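Okay, so chain A shows up in both of these, paired with chain B first and chain C after.
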Partner chain A sequence: MPRFSPQVIDHFTNPRNCGRLPSPDVAAFVGNPVCGDQILLTAHVHDGVITDIAFEAFGCSASLAVASIVTERLRGSPLSDAAVLDQEQVAAWAGGLSPDQRHVAALGADVARRLAENHRDGITDDAPVAAG
Partner chain B sequence: MNLAAMVGMPGEALRVPRSEWRAALTDAVRAAFAYHYEKNAFYRAQCGDLSPADVTDYEDLQRIPLLPVGMFKQAGSHVLLTAGLADIDTEIRSTGTGGVPSVARRDALTTTRASIGILGGYRDFFGISKGAGMFLCPSTAEVPEMGMVKVFNLMTAMLDDHRYLVRDYAFDAEEALAYLRRWEGEMTRHIIGPPFIVARFMRFLELESIPLHLDPESMIIMLGGWKQYTGRSISREEFNAKAERYLGVERSRIRDMYGMIESNMLAIECEHYRKHVPPWCYVSIRDITDPAIELAPGKTGGIAILDALNTSYPGFLLSDDVGEVDESDCPCGRTGQTVRFRRRRQGAELGCCAVSIEKYLDSHEIVAECDLAAAPGR
Partner chain C sequence: MINQAEIYLDFAATAPLHPAAASAVARGQSLVGNPSSRHEAGRVAAEALDTARTSVARLLGVTPPEVVFTSGGSESDALALWGTFAARRFSGHLVTTSIEHSAVLENARALADFGVAVTVIDPGPSGHVDAADIGAAIRPDTVLVSVMHANNETGAIQPIDQIVALTRRAGIAMHTDAVHTAGKLDLGSLGATMVSVSAHKFGGPRGIGALAVRAGHRLAPLIRGGSQEGALRAGTENVAAAMGMAAAVEVCLGRLTPGYRRGMRQRRRRLVSGLQEAGGVALNVTGPVLDETVSVRFEGVRGDTLADVLDLHGIYVSTGSACHAGQDSVSHVLTAQGLGEDAARSAVRFSLGPDVSGEDIDRVVSVTTDAVHRLRRTAGVVGAGR
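Showing the complex of A and B:
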């Protein structure tokens, strides 16, 4: 198996929805304090549907690609889909991840669920991500 | 001497006459510049009117455009790659005090060249081919992408036995002591790790009044910098004195190294405390206020590295470090350059693997202390 799936290569090389939305309805941040991978999602939500979504991510290639993949999949979806997203689904969307990349699937699922939780609870995460 | 010979036999390459070193290095860096210029549109766009044909002499190396090392932290860092992601073999990272990781991606050829070159450097500078290594850092299994640990891990190829003594971001000095005693009389014992953990171990020996005397050929080999995340610096002089007193290792066998994960430059200290730039790299010192200006050897400025062996991305980097380069002959007999790190550039975060480990070691100890304080009956 190649180290990176075609989906990861595609999204790493041509990231979709990259950046931060102005005046988002909700923002969610998840970071791994040890390895430093970070994903910030910002989204517009209308009638329970994610109408627009963007990401900022820092870390390994797989984490950048997964952040892009998650935004592409969640755009136009009900927020309830994000609330139940699990890492197996994220890994499948990514076309499979090698064992050393599996933590990235967890990161992608965690940030999607956090987006749904934050919207439900009226919370918007601060955005500690900042390029050096 | 071509690049393959430099990488395969760095000891020989570091001892050729200075004129030969300059010519070989110029050829290698120029070829690397031509490679990236041709294959990397983003980099080519940074070159303006300069083309590989304009780089003919050693004095022209300073004209090669540099990439600020901070770009490796940015979200769009994929544009730096000359190789496609499908060709990337390893991703190495370093996280500093700012928390955003710098990620360096290496293709198979770069990984092979760097591994062989670094191992050759270890053999040349340390001469180790046996013994036991006590690694005062996490294992590669625990932090598989941490640059400093990867570089240390290559050393295990030269040893008969080794242990990593930082686990789950905790360091147990008594366990380290137990291993050193277990190996006593059976193998030459070496200590490898970032200065701050070696210093912690020596502090433990000092507080417990346990002077050790390692073996005549024991070495202390370090990487990771002497500045702690708190901003305090460890004094090299005090460190050496303690190492002699509490570990019985003579000063000439205490060696530090300098490098950064984005580059394949690992400068290794000789017995005269000069850190030798590997033969495939050129270190250029730049004016802090105008990085386009190269400063003469001996002047202090921003450290730029031109690395000839990188095929994954242009290894022509302007770092956030400040220091000097020396091109005078070293009493150890090696030619080429030596580099001295002074400090980080003003405003740059304190960033390296060692700082990251230290920060987490301390945070875990604080959590453990709080747990103890909160335990019932206390």
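Showing the complex of A and C:
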């Protein structure tokens, strides 16, 4: 029985938008202080739309996949979508997560919302902030 | 899925059932008698059990009556610890180490709740306990020293001969959990008072193990209600499983030759030197180590994530740490020998078996190296310094 959904396996084995953008307009860096999963998002924003986005991530397989999924979904979306992203939406994008993987959906939603907040507040994270 | 040509490198978790053991189990299942019954069918079953016991005794270097069949390594460890202290009304002192399997450590903690004094000795950075530290911990009221033969996560072979000598001089009992080395290293000359083994680790069936208990050591049973197993474990014996275990023992004893060991060492060297090409690779044990167990850590990579990549390629390995539900479980063995949490999280255990070929190892090296490089790229600055 597979541990991961096809979507998670796809993004885990073929991550999209991996890396760091040069001169990003905004960066968000969120980590789970307990298990150590961390996601760094960098993005270019034009007229309130995320025109480019990339991630670097360290953590369990599902967290790497979720980082990739979130960037794919948010690229071309209004930043306001990131501002209201919740873990249920991330879990759905990931094709469903088992109970022991649900924390990565929260991490993915947290880092997306943080991206929107940082852009609004003119903040760029240079160290991970705690998820949640 | 990427590629399902499977390579099993998790022999330390469980070994495939050897065909000889499978045949023996099937023969045993056809025996209808209870070994305790007086009639012919019972006598046939009893003889089969005796024959199996003789093989296991040969593995353990004891006489057949000194072999107690159990359900596996965990029960053997529990019987050794609880049995020893229950026979002494939970008084006295136990010396053990912080790298024991939880089947020993959890029982040691529980015994402490019952009033047993417990001293836990840490290993050095090499993964080995210093026999002198064990000696220094022995007190006038020490009853038992329990130190594993080789660690199941790292393969670090502990100085059992030195510790046995210490305990003999002190006149106290010595238990060693040899679950990780049974069928791989000679146990016949260990000299410990009690030795735990589990059949499924060396090609026998799951659900059976043994505890060698030297004559004269006072032990109380965990399971009462019958005189089976020298009155140390009540219950109708699992004859078929014992026969399967004995068959696996014979296979292992037959191949425990210098040539076999050299072959395993060559496999280990091929794997280790190949993995080191990835850069930022460190062995978790320096010094005496079971060749079958290759415990390494990859700088900037999570071991559980790497194991998942290998899993998707049909390569099966283990980690000592894992992320579950956002909670962390970090290897108590690796942290006990002084590794930080990030380093402990970066460890992977490749455990070799007799059927692993050089070509298998080369493919494992190739897939692992590619995966390590990709995971490091994915982590970027986030994984730096880990």
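To be clear about the criterion, the second predicted complex is superposed on the first by the 125 of 132 C-alpha atoms of A that agree within 3 Å, B and C clash if a C-alpha of one lies under 4 Å from a C-alpha of the other, contacts with A are read in each partner's own complex, and residues count from 1 in each chain.
Simple rule for what comes next: a contact is a pair of C-beta atoms (placed from the backbone, for glycine too) under 8 Å apart; a residue touches a chain by one contact, two chains touch by 3 or more.
Given the structure is predicted, the values throughout are model-derived calculations rather than measurements.
Placing chain B and chain C on a common chain A by superposition gives a clash between them.
Shared-chain residue A:89: touches no atom of chain B or chain C.
When the shared chain is aligned, chain C comes close enough to touch A:103, but chain B does not. Shared-chain residue A:77: touches no atom of chain B or chain C.
Residue contacts after overlaying the shared chain place A:40 against chain C, while chain B stays out of touching range.
In the overlay built on the shared chain, the residue A:124 is in contact with neither chain B nor chain C.
Once chain A of one complex is fitted onto chain A of the other, the partner contacts of A:20 are limited to chain C, with no touch recorded for chain B.
Comparing the listed stretches 19-27, 37-45, 217-225 or 361-369 of chain C against chain B after superposition, the clashing one is 361-369. Looking at chain A, you'll find residues 3-4, 9, 12-13, 15, 18, 34-38, 56-61, 64, 100, 128 touch chain B in one structure and chain C in the other.
Here chain B touches chain A in the complex through residues 70, 73-76, 78, 84-86, 88-89, 91, 93, 95-96, 98-103, 105, 143-145, 169, 349, 351, 360, going by the rule given at the top.
Listed in rising order, the residues of chain C touching chain A in the complex are 1-2, 300, 302, 304-305, 308-309, 312, 322-328, 341-342, 345, 375, 377-383, 386. Taken in their complex, chain A has these residues touching chain B: 2-4, 8-9, 12-13, 15, 18, 31, 33-38, 56-61, 64, 100, 128-132.
Taken together, the chain A residues at the contact with chain C in this complex read 3-4, 9, 12-13, 15, 18-20, 29, 32, 34-40, 56-61, 63-64, 99-104, 106, 128.
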